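What follows is a pair of complexes built around chain A, which joins chain B in one and chain C in the other.
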Partner chain A sequence: MPWASKDTLERIKHSFRQINIDIQPHFVCINVEDTKDITNILKHLKDVEDFRYFIDFHVIDFPKEKDRFLGQYILVNPYTFERLAVKVWFKNNKLPTAKEIFAGAKWAEREAYDMFGVEFEGHEDVKRMFMWEDYKYFPLRKDFPLGGIPEQKLPSLTEVLEGNTMPPSHDYDIMHTYVPTIKEIEKTEKSRITKRGQLVLNWGPLHPGTHGTMWFLFDLEGEHIIQTDVILGQLHRGMEKIAENIHYFQFLPYTDRMDYLSAVCNELSYVQAVEKLANIEVPLKARYIRTMFAELQRINSHLLWLGTGALDLGALTVFLYAFREREKIMDIIEGNAGFRLTSAFLRIGGVHYDLAKGTLEVAKYFVKDFYSKLKEYHGLLTRNRIWLKRTKDVGVITQEDVYQYGLTGPVARGSGVAYDMRKIDPYAAYDLVDFDIPVGDIGDVYDRYLVRMEEMYQSARIVEQCIEALEKMPENEPYVNKKHPAVIPPKEDVFNDLEDMVKSFRIVVHGENMPKGEVYSSGENPRGELGFYIYSIGKSSPYRLRIRSCSFYNLSVFPKVIEKHTISDAVALLGSIDPVVGETDR
Partner chain B sequence: MNDMIFTAIVIAVKILVVLAVTLGLGAYLTWYERKFAGHLQARRGPTVVGPFGLLQPLADGLKLMTKAPILPKGIDTKLYYMAIMMALVPAIMLFAVVPFGPSFKIMGHEVKPIVANLNIAILYVFAMGSMAAYGTLFAGWASNSKYAFIGSLRKAALIVSYEVVLGFAALSVILLAGSMNVFDIVDSQIKSGIWYIVYQPISFVLFLFCLLAESGRVPFDIQEAEAELVTGYNVEYGGMKFGIFPLAEWYLNVLALCAIATVLYFGGWSGPHIFGPFSGFIWFLVKTFGLLFFVLWVHWTLPRYQAKDVVEFAWKYLLPISIVNLVATAFFVYFKG
Partner chain C sequence: MASSINGNGFITTTVDELLSWGRRNALWPVTIGLACCAIEMMHAAASRFDIDRLGMIFRASPRQADVLIVAGTVVNKVAPMLKLIWDQMPEPKWCISMGGCASAGGPFPTYSTLQGVDRIIPVDVYIPGCPPTPQGLIFGLLELQRKIREKKVTRYEKAFEEFKKDLSPELLSGIGV
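Right after this comes the complex of A and B.
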């Protein structure tokens, strides 16, 4: 059980009288009554109770309440792996900043300001995180419409020539939401960094080294970077807003499009959060299939990291060697889900399809072959002197940084923090398989490289065990728990069974109301802890869905670590942090 | 009079042959490299255009030449165009002192298969090698782009440090041969029957490092590191204007330096007479392409160094080693020879 134990809560209650403790099946939080106390409580939690691992900060909007905005911290004790949420109401739209206590809160607060327009005392010149400067609205507020506010005229040619026709000549509106001008983008760029060095290098948004539309500003003194800032948001799609406006099951394909390199893992994190909320049991077969595909996806994602990471450092051949194996995994995923990248394979309550014929055999061959391929990668890089020179003692992230910035996944494990959701809070079939968690020592690029390489090996082991277990299962074992009222029955039943068809029809059209309550649940993605916080008010769509993005927090340490290093180190460091823009921006 | 006309014709023919061969080879080296890289990376390389993709270089050339000419804003136009020439010309000029084989007789006249049989050939190689840096520098400066600028600065730092090492490395061979003339160097190797790589393995390794560095090959391709500087100094060039740079730097420069290395360390055209009258020429090409093969192999296998490491490596390790090697050679020559 990863939530804070009764004893811990008692102790905290003993120290601070003005708090309420709220215990739910999958959520434990303390409600802080007085906003002024929050700094003290956070400090106490960090220093005395050892809740020093910053996981997330987010805001929930209640337009009808007196104080409107509710802030929520999620902290973890890295020694006992207890997790605790801290809730506090904003007073007059204001909350004392936590960036002095947890450095990771800086970006989280910027995001909160960007999305809700809340302010933080002590964090005065807070900048937009995803939107541009001078943007007038706060999109995640409940009074902001889903489609945005149409205010800019973008007429079509017909309309320019003939005026407004009725019916309209095309099926989109003349009025559109506001689009930033070049001037505003430039202002955003200027506001982020004040030049101190010789020249400011724009690194991105379209640059082969950033692996996506990330925009770095490097203030350079010679080749050395003296300050950096990152401009995110080029891929911001408002996932959290979308989730509030659609049914639970409809959001599943959207999760694929966050960390698009590990779609199955994203789905798994999301699906288990909803399952916890609705209390859905998942059949054993589905659990094994999920585990197997999540691990294949992890290998897939790590292979892409290996290929591009090596490519960044000039090793051109590793890239194609990695993609050769990746193609085989893609093949297995495509054969089962029907898609290669955004697979949408899992379903709430199980998986979409039963295993395709021959999958286990192919997977078996793949894993058998993969061990020797891993050796090949090791042979190309691990003891290569140039590789060592480029990665050893470069971009060192300390344990303190890991806790402060809320880094998770291989980045945390590379620095020696054995934080892995698969072991701490086993989900799917992770409690039934045997695997190890590799941890690094110094926390440099090389350690993260070794951790990821070892993780691939462990994933292959897990896949092997899953295949073994799945082979023993009888063929007609259920792969969806269709007895539960919130689960859509599998397609083949829908076509053949009236009852199932009606049920499918009902859920798809109206959605199924979920019980009231809160859930924070996370899964171990290839890039770190991907958490979903769901605030349900008993409707068929969440009142608030917060995505705790691992890439976002992992990236937040970049400006600090890269200072006084060269551009070449920046490439190596960014490659080893391995952020995916779809997830940082959401 | 007759003699003079004959000499003029011979020189004109030599220049034409060298130009045609080097430019043609330069283009076909792209095919060679792509094929090589393909097979190294479990791919097949170009296969579509012509048999074995042999017409690929022509297709590439055609594509590059038919691209719309785009000039970026705020460039220094004169320098911008001059950079292209400054990159290409020294690379071709290097071939002027490459001896492609032993001298032979046509109509009673002795003809040496070299465009300019200079008595300071090796010095000339250094000079042209340094000149090539101007192409990069001008390109970086004239492009009005930060990436290109940083790339060209890196190249300048690299050339400055590796030219020195190159000089000291080649100097020890010159000491052994007692001449800077390429024919004399090869002849002295043939006479003693031992290639200089046996006497000078360290100097050869140093020369190889410099070769990789001067021609911007991995692990020293810091000036065009894609992930850092997009493609570095030539980022603002397009079409054939762009095509010239890799042609000059990656192919012609490498080929010429490989040929020089063959002359210095592998006895030039020396080898058993098993290919009939063209034996010498074939041996020379085999050795040169063998070296080239090695360069490509390194290029497609290793990661790259950082800019500061590359320069540090040259000044801190390569230069002292080369000087020690030179002094040792000098003693050797003084006491033995």
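Right after this comes the complex of A and C.
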């Protein structure tokens, strides 16, 4: 993606003198000197410069600085696709809220409060986003340990029941971080909405229809929803904190576990960010392999959406059909990566293994077969009268909502915003293959359904082209750029070559220091733009790694859209937004 | 069934064994997916692996179920809710901890993650893996069947007593205790 051009920056500088411009190879930002100006600047950027697409807001903690917390907005101009970051220091832990300017900032600010304990003036609704209401700490602050503070005795009940064995049958520490009681959780729930209707209905957290562990509160008037809030954090595992504590290459398997339905795509976004930071070239073969697997994974993920989305609306057949194809894709991935779901197949600088023998033939056969299978799904749903009734004109998301809430992926494209990182900022081999981006026009559930169905078709096309290109390549093309000092050499070389062995040992044990600087880089996940912002101070682990999660922002529009709809529409709408809890909560 | 069939078409067995036979061949798990492992659990229930064959049908209500498959990371925030569900399940009941996270915190030794679900629920079978394959889950379920056959019913009153301590009286009456 092009960052804001010199002209644009100049114009902005012209209107506001109190800003500094910072241009780095993969990051362009303006530093706002006076916290008071931020509202005006954001308004100006939105209305005059057309940076109206809200992408992200996050905070970085610098305990040694005077003002400690640094806030950062990332905005995009949806017409020229320029991207710009805006940095501003918190004054006395306070920043004026941006939620009136960008509605998506509401949740982002809640998250910032939860993780850093910073406040937002004018935001009357700052609540704990992921932790519960009485939680005492702010985990992403630099002085908070990764493992938390053990303060409660929690022995293993299995040990207690089976009789204490010495030594314990598995290793554990009796002291544990604080586990809340049901009462505390209820308090969190009560604090969320003030009842205006007849009854507050809890949907989730452990309900099969909520795609994991989301927790919805519906304030109901009859069957109609008058207000909603979503309680997240039932899968908050502290990914961003983990990233700060381990080496760059070690974080790769964690990305798999964020959006666990699209593991390869997550990895691709992550390794890309690190490669940009360290300036690593990737061999062509690896780029094609990455593209092929990312697209297979996209089909895989969309199939799960199709299966479960239809299942939620009562169509069990589609679920079984979709999982049939999923199994085939997982077999291809397993054959190459050794893992079905959390594949950890990519590496910084390339891919882990060369293609396994026979992969291309299998993939070719799969794609050939997949077109007919796609027709089958269309036959089951596209003209199905019940399906149409449940999805047409339900949950309409407007273009303005898309920009305001920072919606990306099929949700944005369903509303007619052709925002796709694969085209705007081609990575891997996306600039070498031919594909189209489908867009919807009214933005209802049905449009999003059609967009995703078409995307599967396009992905299959991309896979075909990748197979073609890979078939033409000679056998022993390199699939990893092992010359770069930060890249771990492939396993077979490690076992056969002393130099490579030493290098691998060095990186695995000590990590490799990355250059100083900042990078924001994103990739197109099946659910939207997954971005990684890395703030590096030259160590082997990032100072701050921010994950710009697509599911999180996509979900944030839910309370607005569902208003005045019935509960049954909530299921359809949620299915069409298709969030994954692993990523909303991280 | 460990019993003999005599020539007249009769089977002699003990009541205990008959019950255990019935129980172990109709294990109904609760549909609760917590994280990545839940996807593999879904796969175990879907087209290829189809655990219906083993008499296992996923039930959405804990009151109709007798196995809790903890599939995924249990974070501190969700722990009390999971415990509530466990206590809503009627006896006899069993718990399977699926995957590294549920068994011992897995790759997340962090401030927000419960380091092993056995700290709130006694576990019968641990399945390693991240995630375990559906085959792994099926193996675990078969192991559970074996355990039921060999050990008969294990009761968890002790754990339950402990749990009741931190429930409010209204809630207790709510779940019928």
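What we mean here is this: the second predicted complex is superposed on the first by the 563 of 586 C-alpha atoms of A that agree within 3 Å, B and C clash if a C-alpha of one lies under 4 Å from a C-alpha of the other, contacts with A are read in each partner's own complex, and residues count from 1 in each chain.
Throughout what follows, contacts are C-beta pairs under 8 Å (C-beta built on N, C-alpha and C of every residue); 3 or more make two chains touch, one makes a residue touch a chain.
Because the structure is a prediction, the values reported are computed rather than measured.
Between chain B (first) and chain C (second), which does A:S156 come into contact with in this model arrangement: first, second, both, or neither?
second
Tell me the contact category for A:V396 with respect to chain B and chain C: first, second, both or neither.
Touch status of A:V396: no partner.
Report for A:R324: first if it touches chain B alone, second if chain C alone, otherwise both or neither.
Once the two structures are laid over each other on A, A:R324 reaches both partners.
Mind telling me which of the two, chain B or chain C, contacts the most residues of chain A?
C
Figure out whether A:H176 sits in contact with chain B (first) or chain C (second), or with both, or with neither.
In the superposition, A:H176 contacts chain C only.
First (chain B), second (chain C), both or neither: which does A:I567 touch?
The first partner, chain B, only.
What is the contact status of A:M501 with respect to chain B (first) and chain C (second): first, second, both, or neither?
neither
Of the two partner chains, chain B (first) and chain C (second), which one does A:G582 touch, if any: first, second, both, or neither?
Only chain C; A:G582 stays clear of chain B.
Which chain A residues come up in both lists, the one for chain B and the one for chain C?
Overlap of chain B and chain C footprints on chain A: residues 207-208, 320-321, 324.
Which positions of chain B touch chain A when the two form their complex?
It comes out as residues 37, 40-43, 146-147, 150, 218-219, 221-222, 225-230, 299-309.
Sort out for me which residues of chain A touch chain C in the complex.
130-132, 137, 139, 144-149, 154-161, 170-173, 176-183, 185, 205-208, 212-213, 233-238, 241-242, 253-254, 256-257, 260-261, 304, 307, 319-321, 323-324, 326-327, 330, 340-342, 581-582
Considering only the defined contacts, which chain C positions touch chain A in the complex?
Going by the criterion above, the answer is residues 31-36, 38-40, 42-43, 46-48, 60, 72-73, 75-82, 84-85, 103-104, 107-116, 118-123, 130-131, 133, 154, 156, 158-159, 166-168, 171.
Spell out the part of chain A that touches chain B in their complex, as residue ranges.
Touch list, chain A to chain B: 199, 201-202, 207-209, 223, 310-317, 320-321, 324, 380-381, 384, 386-387, 389-390, 566-571.
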